[in-house]
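Following this line, the structures themselves.
In what follows, chain A forms one complex with chain B and a second complex with chain C.
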Partner chain A sequence: MSTQAGPPPMVQAAGASKWFGDLVAVSDVSFSIGAGVTALLGPNGAGKSTMLRMMCGLARPSNGSVTVLGKDPRSDVSVLGRIGMAPQQESLLDHLSGREFVELAAQLHHLQRPGEAARQAIQTVELDPDDTRRLSTYSKGMRQRIKLAQAIVHDPLVIALDEPLTGLDPRQRREMIELFHRLGSEGKCVIVSSHVLDEVERFGSRVLVMAQGRLAAEGDFREIRNLMDDRPLRISIRTDRPRELAIALLDRGVISGCRLEGADVVVVDTTDPAAFRRAVAPVARDRNVSLRELRPLDDDLESVFRYLVTQ
Partner chain B sequence: MNLAVYRVILRTQLSPARLLVLAGLSGVAILLAFTARAADDTVEVATRTIANFGINIFAAFIALSLGSAALGNLVEDRTLVYLWLRPVSRHSIATAAMAAVLTVVAPTLVVVMTVAAVITGVDELVAATAVATALAVFAYSGIFLALGLRFKRSLLIGLGYIAIWELLMSRLGDWFARLSIRSYPMSILSDATDVSMRLADRSTLTSYIVPLAVGVAGLLYTSWRLNRTEID
Partner chain C sequence: MTEAQIHDRGNLSYDGPRHGPGRAMVVLSYHTAQRVLGLKRSNWQKVMPAIALLVAFVPAIVFIGLAALLPASSDLDLGDPAGYYVPISFVLFLFTSFVTPEALCTDRRSGMLGLYLASPLNRDTYLASKFVAVIAVLGVMTIGPTLLMLIAFTLDGSGPDGAIDWLIEFGRVLASGLAMAAFWGSLALAISSLSPRRTLASVAIFVSLLVSAAVGDGLAEGAEVGDSFALLNMIALPIETVYRIYGEVNPDGPPIRNVETLPILLTFLGLIVVFGWFARWRYQRIEVNG
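Here is the complex of A and B:
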């Protein structure tokens, strides 16, 4: 378990586990999160949504504890007034308009001027507060943004967003990320889950990496990225002269092993992917070897996380 | 009770399909009332019509349709989170859901069945019908509200309950009959018109108290369940 220095954590998990029958969704996870943007990164099925649900009191830990602002969100209803959440599922109260949906959240949070608060939240996510269409007519991107609006309408201290960028176009993603940073810089604890590595890179923040229900890594994104870049990589190279290329790369010391596959493919292992990337084209040019395809065999996110779990 | 939750659930209850079914069943009730009025033994036929159609079918099935959907639909389409994730007591959500169901079901059924009783021309049946229908609706709404939150296929389970327990098992003996909701409002009708009906032999006091207690128990279970349940 790690503890951030400075002010007390806003969200704290201590040995939190959650299982559903025989299925372990979250296993013995401990962390502390303070103000700012924190990314919860992991492949689908890693336990991110379950972790967020426990943070918001929607699910009870089977073991351990999860507290928000020092309170158990499951048993203390009052702390829910300080939490905003945008769940992953697309379903909304489709018979309402966007304005009514956000205003309902404001009313349930006992805001004095729910209409005004709803209008402001809807404008913040760049939707039209005067749009009277039902939510059932909203596009995926609009649904994501209205979910965010209902999560921030009451100005919560802790904001949990489950895959909030799914379905947004690049411009909307950029604006949403800017909004997350703005909220974080205002002293709020913004937790954003994602399974997209590049997306999390743009959060440029503290990262919790979950894999197979466990906390695989945590810390600054650059440290995690370096750890990911340092892992061994297996690459398939299609070329006209695989044997010559493999020997040259071995001579250069950028691969640790190789295996010929058929007449035009060599599979190489490297422990220094960056050096390999720099060397492969010059080596091929020097030997007059033509490169037809370079394909990482285990560069999917799942394998990256598997590697992190073993570290 | 939370008014915002009440309004939201009430709007989900008022779907065109449901209103159409309500209107259709209301029409059938009125037609049956005219038929009873024309019968030779009007009092007996009218009492049995109100009991068999009004209580056993109309009240039970409409309460099932709306009661099980009130929170059940929110669970099914995973939107309960938008009510649950707020600093409001779970009991106020349950009460609002029950109130929304009763707002639609009670006036429709009580008014329609009372009008049907008036049409039959049996004066002593009118007040008894209003009371018996109101009590039946309250009890069934409480049960089916809880059922909707507890089970995923609540409509099917509710249909099974009505068909197997209320309509079949209750005929197997007094012990089973005591656990049948319909026997209590039917007893109120029987008391009012002196028409003897199977199951309708509960005392006057229990005829009033049991349906009320069942409705309240359903509401309390719903509150408890909302506190305990994990929200998807």
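Here is the complex of A and C:
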């Protein structure tokens, strides 16, 4: 993804950093992305939204640069007309109807037929363009889609979407992801931020992983996923005979370490979670040990990203 | 066999004509003016703008009615045009304090600022659009009634003599109205730029105006340290400026009436520039969340 031959990148960050007083939101991030869907993945507070804001010219990098279509979006207004943005925030203009809201976006982008453009964009996100209800009455899913509609109404080349799938049901998510791919296949650069790992898997193969303001990983999603699967996993097991179970699992070679906690808990480390999952129940049955609870201690996104950062 | 078919509609993208640059500013100004006036919003949010417009226009409308109904020979006293700005200033004081922060604060709170600045608007054109919107709304209150007054004078036959004098009077109406709208508008934008909270901005505008009046008049009249300190009174300053545009001095005004015209005009224009510069300085530094 970085510095490759071929068409020039549509979005490029070169050593981009952004800090707010003492808080470093983005630290020395460099990447290049072109047409297609790119997922910007990271836990809450990783710097994804700040990165998107820099791409849309809303924030100036404290250091380094972010260019879109070869231009600085903060100083070159012409490039802003080629960017569509759907922010994470919900309130927006609640007194307007969805159609009026999208029309306003169309007018701001100088479209001469904003009504027609708004209707098309609203239909594209599968909402009713004749719905006259105010945005304040919209469900979360409808708000997400109307935000996407205003982001694409002027047919931008670069589309930055901040957590666009939050609040959507599975069917809506699937349709939204299909729409992202359609836009990507038309030569647009679609950047979608998300903190949900499984969600990103369906976006496509290109991923930028941010953690603690840094670019933790970039490239093909499957390779990154494999890298994540290789990390040691810590699991808490509540059982009536923790010592016997720990010895048996060590004998089976599916855990690399263990620690007893209290009378009925053993915490184990495994580097092969799949093998562990296959072995734990048969081992318990063979030793007549009853399993009461298995709880991964570091399966949350934070720990996944922490692991990536240390790689 | 069914004849139904499913067509892949694909992504419907706009490929029609586009306006030139500047359109976004017009749209934002129009939209902001609507919002400040409470249009397309709840009835409660229309109350204050409606009262302000009513208070500003009713006396002028009454004058016009009298001028139209009474015989031309009747001795109709249409009063003094500059004096009309005293009650208008009261309306502007309340309107600027409690309504105009809507023009800026809400965008920051709702996240719309991010969407606006991700469009072909930059921070300067965004602020300029807001300024134009606020001036347009305030201008309705500052120019509208006095323009009606001028019409009333003319209808009554007691207006300016001849086309030249009429145009001079018309110019004074425009200059006075625009000056007042620009002063109150720039003041409101400068203070509103300090906070995304509308209530906080309202209180700040209200308090700063009252404090400026108390300090200015207190120093000039109470402490007797010099009439120039009366220039600090930001409520009296625009009224007195209008009197000077009409070539008069507010006879019943606060101590600022004793100050020469040039310092009044320079302070007045200087403050508009300072308020505008401050709002711009703030907006160049605001981090957009959205």
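Rule of thumb we're sticking to: the second predicted complex is superposed on the first by the 308 of 311 C-alpha atoms of A that agree within 3 Å, B and C clash if a C-alpha of one lies under 4 Å from a C-alpha of the other, contacts with A are read in each partner's own complex, and residues count from 1 in each chain.
Methods note: a contact is a pair of C-beta atoms (placed from the backbone, for glycine too) under 8 Å apart; a residue touches a chain by one contact, two chains touch by 3 or more.
Quick caveat: nothing in here was measured; it's all calculated off a predicted structure.
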Clash or fit (per the criteria above) of chain B with chain C on chain A: clash
First, second, both or neither for A:E116, with chain B first and chain C second: second
Touched partner set for A:V77, first chain B, second chain C, both or neither: both
Comparing the two partners chain B and chain C, which touches a greater set of residues in chain A: C
Partner chain in contact with A:S139 - chain B first, chain C second, else both or neither: neither
Partner chain in contact with A:L58 - chain B first, chain C second, else both or neither: both
First (chain B), second (chain C), both or neither touched by A:V153: second
Chain B versus chain C as contact partner of A:N288, first or second or both or neither: neither
Clashing chain C stretch [against chain B; choices 1-9, 163-171 or 235-243]: 235-243
Contacts on chain A seen with chain B and repeated with chain C across the two complexes: 53, 56-59, 77-78, 80-81, 83, 85, 87, 89, 91-93, 95-96, 104-105, 107-110, 150
Footprint of chain C on chain A - complex, ascending: 20, 53, 56-59, 77-78, 80-81, 83-85, 87-96, 104-113, 116-117, 120-121, 123-124, 150, 152-155, 179, 182-183, 186
Chain B residues within the chain A interface of the complex: 2, 4-5, 8, 11-12, 77-79, 81-90, 230-232
Chain B contact footprint on chain A (complex, rising order): 53, 56-60, 77-81, 83, 85, 87, 89, 91-93, 95-96, 101, 104-105, 107-110, 150
Residues of chain C that touch chain A when the two form their complex: 9-21, 23-24, 27-28, 31, 40-42, 109-112, 114-122, 125, 287-290
